[in-house]
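Chain IDs A, B, C, D, E and F follow the sequence of writing; residue 1 opens each chain.
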């Protein structure tokens, strides 16, 4: 574990960040080719909030929030703080005091692979939080880690300056180098989905819209009535 | 895995479904003899909603939602869609586009042993969802499964045409053949609970109402004061 | 497992309980020296509620709520019911009828290491619940356990007459013998946090306020620009 | 939960059971169409043992082994005991005394969805055990369940008289009605695998043997050198 | 967390420890009234080894083995080292170097609620290990904890000077004050089990030996033939 | 997910691989600065085997082993196959036929983030396997993935051509660019550990050898006798 703090990280364009935020997590994940999700176990402590920002990454030792203090100093307006741990940890490493310090610096949310606490206060402040755990359990400040080096959460690599977007479906990471193509692909997907939604509202079926019936036939999917299935012993 | 789609499944009476819905999950589970629950890990994405319907069942391959498209076509007003997976899966297999297609067909909720996504949109639509995971992670459409054959979720068998009821306590399945007896038993239980509730409000104890004191005696449960317990070394 | 029910348990002062409630779970946990938390897996079924009370403890056999009936009789106004299980259990051991009986006796919440049910009804009653599971699954009344002997939940020992406080961050236990010192330490912490909050709102950094920069130096934490880190191969 | 004990269960032919045992778990699972596995969490307490038998099924209440005593009486030579629980349970419900009683009756293994104990003694006796847990934790004998009704373990339904086969890869269930077709399909698969094994030993590739190259092309899988991938940014 | 190291802990009689070891984990657990087990998740890294000793307890911060170094100094011949963590931790906190130091001091095993490593070397040394995890992941030495204060593992309290016994079934704790009564109760149980084993070998059934048939009748357990069960619809 | 297969991957020197193998997983992990471990959940199916090789990486869709077939063709003598999944999966994706094909190509082990099967056959062949699950459950060959692009397992990034070493403690990855420095650091560590082992055998304490006593003093760790601790109430 290199004990390094990286400064002067290039950030993506803030308008691009706002545009990505507009698509939401599921669309971005699909538009990038079904990658980038931080998985089903990072859950929001609030409902109905969508955030996006440039990642400031911190790697902490389990039960130790020293490097979050270091990371706060590296945050600028438009950033999101991303906290990883060197090993699985349930500690409530982030709470209302950190949120207060970050809010002063123009940061509006935290993504944590460990725990957060003061959740009611965070909701009242409107400070967003997505985390693996909610826990009151406190931490020490004794062991080094790194800030703004790449971290991995739920198998997904996050570099400082990547765009992180989070909503009720979870968290997704858009690498800085893929921002432009992801906006284009998301927009295309959005338009396609709008058309599909309209068609579905009229009663069109996915089987027809996506031309799946030939595939079913090729896979040998057989249709039979309930009566026939009963006779064939399919229902036991 | 048989690649079969069963059509023309007999449904229970829609008034019976509405009646079952009125009892709620916990009462139905008890009335059937404490069976039928899909367990504590299928959680609602919304709060305060109770749904009931005739099950349309789909078995998917992990990470593959092809058979949900097949199942949609089999849905009629009053049905609920029940999605199982051939192996544990966290994918967000069901989202707002499927809900749009189902809403057109008179279906108001999904029960999934895998993941759902677009949760904020589903809540805004009033489309109910109970699932093991919330996840943005997308799927392919490549592998066959079956529709309206029996599936098993959390150890509970569900056949097409069984009644599925879901509320904040989870999900319960009432086999079609047991609908009448379950309504009768639920009604009896409801009346008994109403009387118990009134008695408890007056201060009667369960120990007396259920005549548990003789059982405690038989089991050798001893009462002693805190002072006595301290002296006996019970509190260490 | 001793089959004992302890009566006449000494309770802490009710004003002290109210004072402890005011500090909230995270502050109490820190003030006691970062102990007493029941961990991240006991979650509230409601949001925004804080409760505190003197613990009445029940140890049940998995899937058996006999001893909860016994415990109800031991409850007085100002108590909270704490339910442990002799082995991991997901059963919905506690529901609206128990809450009705407890409300009559001046008890306003339950803490359960197993499951609860009737969650919507509990929320409507304003009866608080923190539990490991939500589950409709019912129980029998057949096996003995104990009431008001010490129990352990998530590695934390709870004695009858200890103060239990619960909010959105989880549950914490303050041993009866430590109530006075915990109030003093919580008050000191609260004042310190108030000052820190004010300082953070003005932009002071934790690095400076907690004098962490010398520690970082001692630990060998190095600052370098993104450009330099790229050249050093730190970002791969 | 019906409190029923079913007697005089028809068993499959014992030669067929021996034949099925010879194929092993993975082959049987494949031959049935990739169904029947009890999943990755039922692990053997020994290594290198393969067993097969006609299932005697018991459904117990968590932490209660009363119905195992009932099931023992129903066992005959050539049977295997299959223990399920009405809710998740870690108790060591089965140990050396039960194995002694079963060995007297010609039964050589147990499959348990809960826990077993006396594992060293069981290994010394040569009595096979596959279970979800190993645990010393004891049980009571207080609550009814059923014997030889269908049970579900890990989503797989098991009826009394089904053939259960277990080896180091886990446990598989062959429904009694499918014994003949499964033997035929397993034999065909075995022969195919023998030929494939010989071909692989000669260096043939699966890509060629299963004719997968056209599929890769259809799916758009592209081959490129490491140098090219580096240039294309694929390796970041 | 009190930063205290307790010295001069009274140990139980070494002959008593050897006697307890002879009974094994399952018998001791039963003899104490089905308590004292550290649960199913602390597994041995070896097979066929039974150890017993007087507990030296260490509470570590997650990922920090400083207090194990402190604990080593407190160990004497006949002790076992018991390692707990202030929060869940998977680190490999204990390895071959610690075992070497302990072996010099007459200690032959470790029980750890976190992880161990160098498992092959430990097996070659004949040094016993029971742990929640096996992991190569290393630790720091930065944060205080305590030694020989009570710790809790899997809900079970362990005090310094308690007897810890471990075998293939897991780990059990006999409080120092209960050693004599536990030996007596284990001996009685052993004799009863010997008689039961002999009876089972002769074919007696648990149903008769434990006089369970009247209980089954009282619980309403009904026997019926397979043919009758089929007619009654019990087998669907 | 890019559907790319990378060929002509540069491999590390085979003598270096053999040297790294000699140090074992725990030493390499420490020598790199406590990074590189694939965590406690990838377990060997055999005991006492250490392997090392140049990684060939495959990313599969859950339940689909198509890309393993593709990867086999890319394997050369001295390689190890590393299988990742696009989402958590328990399928037995790898078995004896793949091992036969790989053995022909000079590959001696597989590392899989999903499941393996035919474990008894693999042990008999002497083909090593480390995996998250053992499962008989079979797979399809329908969906694309990639080969020799970077994959992530348990938060650890693995590139084709990195050195993977596995033993009873788990799996560690040494990036190709860090091979030389890791050998040097491992050798230094080995020598230091040899000296420490000799000192511990003579009875020296870690407290003295690592000069930890001043740190304990600084952290305020207090020593007191059992008698004193009792009086201070530390033991309750």
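Note that in this section a contact is a pair of C-beta atoms (placed from the backbone, for glycine too) under 8 Å apart; a residue touches a chain by one contact, two chains touch by 3 or more.
Given the structure is predicted, the values throughout are model-derived calculations rather than measurements.
The greater number of contacting C-beta pairs, out of the two interfaces B-D and D-F, is seen for D-F.
Interface residue usage between subunit E and subunit F, two copies of one sequence, is largely distinct: under half of the residue numbers at the contact are used by both copies. When the contact pairs of B-C are set against those of C-D, A-C or B-D, over half line up by residue number only for A-C.
Farthest chain from subunit C, judged by C-alpha centroids: D.
The chain with its C-alpha centre at the largest distance from the centre of subunit F is B.
Chain centres here are Cα means. That of subunit D falls 29 Å from that of subunit E. In whole angstrom, the spacing between the mean C-alpha positions of subunit B and subunit F is 41. With touch defined as above, residues shared between interfaces to two or more other chains in subunit C number as follows: 2, 34, 86, 90, 137, 142-143, 236. Of all residues in subunit D, those touching subunit C in their complex are 61-64, 86-91, 137, 140, 142-143. Of all residues in subunit A, those touching subunit B in their complex are 25-26, 29-30, 34, 37, 39-40, 43, 47-48, 167-170, 172, 193, 196-197, 200-203, 205-207, 210, 212, 215-216, 219-227, 229, 234-236.
Those residues of subunit C that touch subunit E in the complex are listed here as 1-2, 33-35, 86, 152-157. Against subunit E, the residues of subunit D that register as touching in their complex are 2-10, 66, 69-70, 72-73, 90, 92, 95-98, 100-101, 104-105, 115, 117-120, 133-138, 141-144, 148-150, 159-160.
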